[in-house]
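So, here's a batch of structures to check.
Both complexes below contain subunit A, partnered by subunit B and then by subunit C.
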Partner chain A sequence: MRNFSLLDHQSIPKHEIMSEEELKSVLKQYAIDKEQLPKIKVVDPVIQEIGAQVGEVVRITRNSQTAGEAFYYRLVIA
Partner chain B sequence: MNEIPSIPKRVGAIKFGLLSPREVRKMSVTAIITADTYDDDGYPIDMGLMDLRLGVIDPGLKCKTCGSRAGECPGHFGHIDLVAPVIHVGFNKTIRKTLRSICRNCSRLLLEPEKKRDFLEQLITSKEMGHLPDNIINEVFKEARKAKSCPYCSTEQLEIKFEKPSDYVENGHKLTPTEIRDRFENIPDEDVKVLGMDSSSARPEWMVLTVLPVPPVTVRPSITLESGQRSEDDLTHKLVDIIRINQRFQENRDAGAPQLIIEDLWELLQYHVTTFFDNEVSGVPPARHRSGRPLKTLTQRLKGKEGRFRGSLSGKRVNFSARTVVSPDPNLSINEVGVPYAIAMQMTIPEKVTTRNIELLRMYVLRGSEVHPGANYAIRDDGRRIRVSEINKEELAEKIEAGWTVERQLMEGDIVLFNRQPSLHKMSIMAHKVKVLPFKTFRLNPAVCPPYNADFDGDEMNMHVLQTEESRAEASILMQVQENILSPRFGGPIIGGIHDHISGLFLLTRNENSITKNAALELLRKSDVRNLPEPSSFSEDGQPLWNGKQIFSQILPKGLYLEFPAQVCFKCDTCKKKQCEYDAYVVIEDGEMIQGTIDEQAIGAFKGKILDKVVKEYGTEAGAKFVDDFTRLAIRGVMKTGLSFGISDEDIPKTAKIQISNLLNEAEEKVKTLIEAYEAKELEALPGRTLEETIEMKIMQELGKARDQTGNIAGKQLGLENSAVIMAKSGARGSMLNLTQMAACVGQQAVRGERIRRGYAGRTLPHFDKGDLGADAHGFVKASYKSGLNPTEYFFHAIGGREGLVDTAVRTSQSGYLQRRLVNALQDLEVQYDGSVRETRGVIVQFKYGEDGIDSTKSDYSKPEAIHRIVRMVTGKEVN
Partner chain C sequence: MTISEVTIDTMISGLNLPNNIMKTLKDDVMKAGVTKKELEEIIERVKESYKYACVEPCEAVGVVSAQSIGEPGTQMTMRTFHYAGVAEINVTLGLPRLIEIVDARKQPSTPMMTIALEKEYANDRDKARKLAWEIEATHIEHLADITTDLANMHLIIDLHEKTLNQRSLNSDDIADKLRDELDVMVNVPGGVANQIIVTPNSPSYRELLQLAKNIHSITLKGIEGIKRVVIRKDGEEYTLYTEGSQLKEVLQIEGVDVTRTYTNNIGEIYDVFGIEAARNAIITEATNTLSEQGLTVDIRHIMLVSDIMCCDGEVKQIGRHGISGEKASVFARAAFEVTVSHLLDAGMRGDRDELNGVTENIIVGQPIKLGTGDVHLIAK
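What follows is the complex of A and B.
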């Protein structure tokens, strides 16, 4: 049994499940479908940890050398 | 819309299989039975190799299969029925493995049923996972080969030896292709599956040929020589051989010839079919042309650098290009390229004749193709090309009218692309304006050498002449040199002053204080400066004098404000900025150089701060003008004082020499004491290192320090007026280390960062004692290049030098391949207008380019300096 959270690790960026409205605004901003987002497997340890389901989109907040903080969005797939 | 919008047509799957004899016959339009090609009238013979049903290549004839003419008909396959089966060379490996893993009697795979099932399951799962089945199949072959007897019919299995090129020997008996084919035919379909083949598209027996497909004539066109003689393609020659032997075989067998003769002929047929597929099989003498040249058969067409893939599909040759040696011409603009007359007269640009330019174009045609701005071709409105010659030029000039096209020769001002290989970044191909010049080399401004990585030791470069108005417009907006002064790699200038440009302006701005009017005008002659500023001082006889900073200020744009430390900056602990006592802090106010010295930091390629600022604030045109101006000024500046370097510039006084040799002796002493301490086991090992590593490190440190100190002594003696010191300090060429090595001490020679240890047992050279750890025994060179190296020093120097050469060779090949892989992986990514990076399907790769969406060439290193300056100028207050 694992008794620590992956999200606490310093090299794992913040992952969070996006709400419908947030997702809508992001898709509208880039004028794309959900399918055109980068993907992440549902079996990915971090995805399992936050409990995202196939079809949901996670927002990843990464530390960036150039911009300080950068957002990435990934579609959870089977 | 739930799916990704697809590319017009998508390939669902590609399946590779073997051609079955049935398929070969099905796609064949005719059997080929005669080895002859054409009859006496030059008409293709029926059922011959040039049969009209196989397609047409001669104009005027019609294909008997599809009815189209030459050029439209894609060609059709024929076939040759082989009298006896032969092995296909390409499958020798698979045939060998398969033969060894099946029973010689019942042809079943030599594995227990459970094992077969197991392997089959593995194959299915690996296919599902998208993995290659190779490893599993190899495992199957390995397992099956182990069997001593068949698990089904209990027949004892014999060892099968493969003998090059295509013989299979079982227990001393040579297996004929017929026997092999029979064995393969009997393998049950389930077993074929375990072998990794799909029995519907690749039965093992199809690896032994009974029917040979004959490629269409369009694949092997014959050419008519000037003498009217026909010359056949190599493939046709090979097919002729195959048919001849096939026929002879048939006749001999029908006549009941002895077994020996039959076997010989069979082998001969095998040879011809083998070389038809591949003429470079090891163990097979290549089939040759009558002239002795080896034939180019199927494999040779595809393989290698000049093969179909690398030569014809990935690589293309182009027209309207020229190549010659490059040489420098500082009087050209960076946007220009000097093109030799000989090339300009060959290269053409098509121009449509209109009522507005007809007179001009008529003049070109009238001049003909032998006088420079002339024309080489005229194209009529019906598309016919007419060469302009001395004979027809007058007549042609008369005939020209609107609607025609004239291919005029390359002229001054035309836009061309200029390129030097290897083309590693976008600045390796830039657009230049043509300047037609005498002599035979391309000329370019030395300031554009850095982006091309060119020098003039024999480098050649390519020029491409753009043929359409759109391409010229695009090139001049996007690719012209001035648009590429700033490199997107680091956001700074990649073009800038080199060598003499830097030393020239350094000398001019450092201490030139008494420039007379004549000298000042001479310096600024090639720039468009027409007024001199107020003189800075007057000579004793009342003549006005200017200083170098004033002269340089003349080519700076008005309104330029800039401050930065120069290359010669001593990097003091606290920078005194404007109060710098070494004149190493450059201050420019309103385009006026107040103080400082111009050097690499100001105008150098990759560094030039002034150039960077000028381009970013005044635009690319001003940037190009600034480069043109300062290169010309610098050349005149360096000629005014003169800068030369000779062997005597490395001279240092005797006292300094003694100082240096004392210092080196001292260092050697110190090394000796270190070694003594080590041998007495008194030395303490550094953390994480062995005793041996510690002593090596300490010795290296000691000797390195000694070398640096000798360098300082020599540097002091040479002084700031020494040409080499000027070049090193200003960043024009060379370094202080180079100088140290020339004048004081070359220092430790190293292989892989360690002192030299290789050589004889226990010592590097027989000149030293075994186990000697001393400085001189391990490659420390006390001498300077000027004083000369002693024999052992020379030898060690050669060892170190060789390592450097090997390193560069290895590095270039490795980084070249890495770059190739990266380019192939990233070439289709594109930055969209919304700042996102997407691939061809529109799937996002990066949501904002570089995560901040900044174009480095348009940003001032993400610092708010410009705003601060504006606030300062308007309010007079400093912002923080």
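What follows is the complex of A and C.
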């Protein structure tokens, strides 16, 4: 097996696990609950690699063609 | 008096604007050279224009997207066979491909990979060629003539030496591989060069003919499912294009640049690279399909579609088994397809419809919650 990091791939944006405080401020900014965020499966290869758990939220830094760089949030689900 | 870069930075960085707008603003301001007062006014105007360009609250963006993709879609060719660039690989394009993308098919009709190579392979044609043979599936008919010898009840395989050398194989390798896969007697007689004799376990015609058929399906070298590999020089480096797609296996091959290898099979991208890469792949594939036909659709519409397809953590199709079929409202589902059975099922289950969506409210004849319809006045 070759070892490589998926996060190096050019079409995979940066995924990072968010801390409680960051999450709170984001949810407050959008005035929503955690469950209203888009989802990502815990079996997703990138989630496996960064080791996020069900219930955590990941921040995705997308390279957007319209905004340059944009944040997206996904809730990890089973 | 023009202001310094540091002041411009501090004035711009606090703004709640998209990154690339701030960057363009900064670059332009630096180039022109402005005073503090002018910059303040510029920032005000930029903010105003940005606000003006934003989608208004309660705007039906989904319908606008559907129209904006659907209308150019009517101009698309119904059926096109096209060869991708110089690399004579047949790919589905036009309307059938667009349908394939939004239907989230597990397997596209013409899977194709673009394999980028690591530096030492990318600049060396021989190394690239060698890698191509590692990837392309080699079957027995590429290498040999097979004769069914009914008198002696066996198969005679005459290997071509030239093709063997080209793919760096030898008759012993092939004999071993055949022995493993078929579980029969495989002999390499010393008398004739490059000849292999395959004998079925029991001497019956049926077994012999079955064996003659099965032998063609064995992959002797390379990755099963990759039918053809074409080498092309893109700018400075050699890139491999394949007919057929096996992303997971190809990534394991030494010399393949993992970070730039791509396939047009979105299902496979989802399995190997995850949902975010799949979303990006949907955008790229849809944009390329449309622009290949000379149609320009604003990327925002395509982004909306792919975001909706990927928002639940898996790639869902737009249609009965995906977005439209999973709507919360009974009326909205009934309005889409198989009206009677949806209403009947809902009646049997005793479902409630909260009449929150657009379709439901049109059906019952109420004002829809869009634009000014979604604004309520509260007396104080």
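Everything that follows uses one rule, which is that the second predicted complex is superposed on the first by the 76 of 78 C-alpha atoms of A that agree within 3 Å, B and C clash if a C-alpha of one lies under 4 Å from a C-alpha of the other, contacts with A are read in each partner's own complex, and residues count from 1 in each chain.
Here, a contact is a pair of C-beta atoms (placed from the backbone, for glycine too) under 8 Å apart; a residue touches a chain by one contact, two chains touch by 3 or more.
Owing to the predicted nature of the structure, the values given are computational and were not obtained by experimental measurement.
In the overlay built on the shared chain, the residue A:Asp8 is in contact with subunit C alone; subunit B does not reach it. Using the contact criterion defined above for the overlaid structures, shared-chain residue A:Ile60 touches subunit C, although it does not reach subunit B. Once the two complexes are overlaid on the shared chain, A:Phe71 sits against subunit B while remaining clear of subunit C. Of the two partner chains placed by the overlay, neither subunit B nor subunit C lies in contact with A:Glu21. Between subunit B and subunit C, it is C that contacts the larger number of residues in subunit A. Touch criterion met: A:Asp33 reaches subunit B, while subunit C stays clear of it. Shared-chain residue A:Pro45: touches subunit C; no touch with subunit B. Residues common to the contacts of subunit A with subunit B and with subunit C across the two structures: 38, 62, 64-67, 70. Those residues of subunit B that touch subunit A in the complex are listed here as 1-4, 834, 836, 838, 841-845, 847-848, 850-854.
Within the complex, the subunit A residues that touch subunit B are 29-33, 35-38, 62, 64-67, 70-73. Those residues of subunit C lying in contact with subunit A across their complex are 18-21, 23, 251-254, 258-260, 262, 269, 271-277, 280-281, 284, 299-300, 303, 307, 310-314. Remark: subunit A residues 1-2, 4, 6, 8-13, 15, 38-41, 44-47, 60, 62, 64-70, 74, 77 touch subunit C in the complex.
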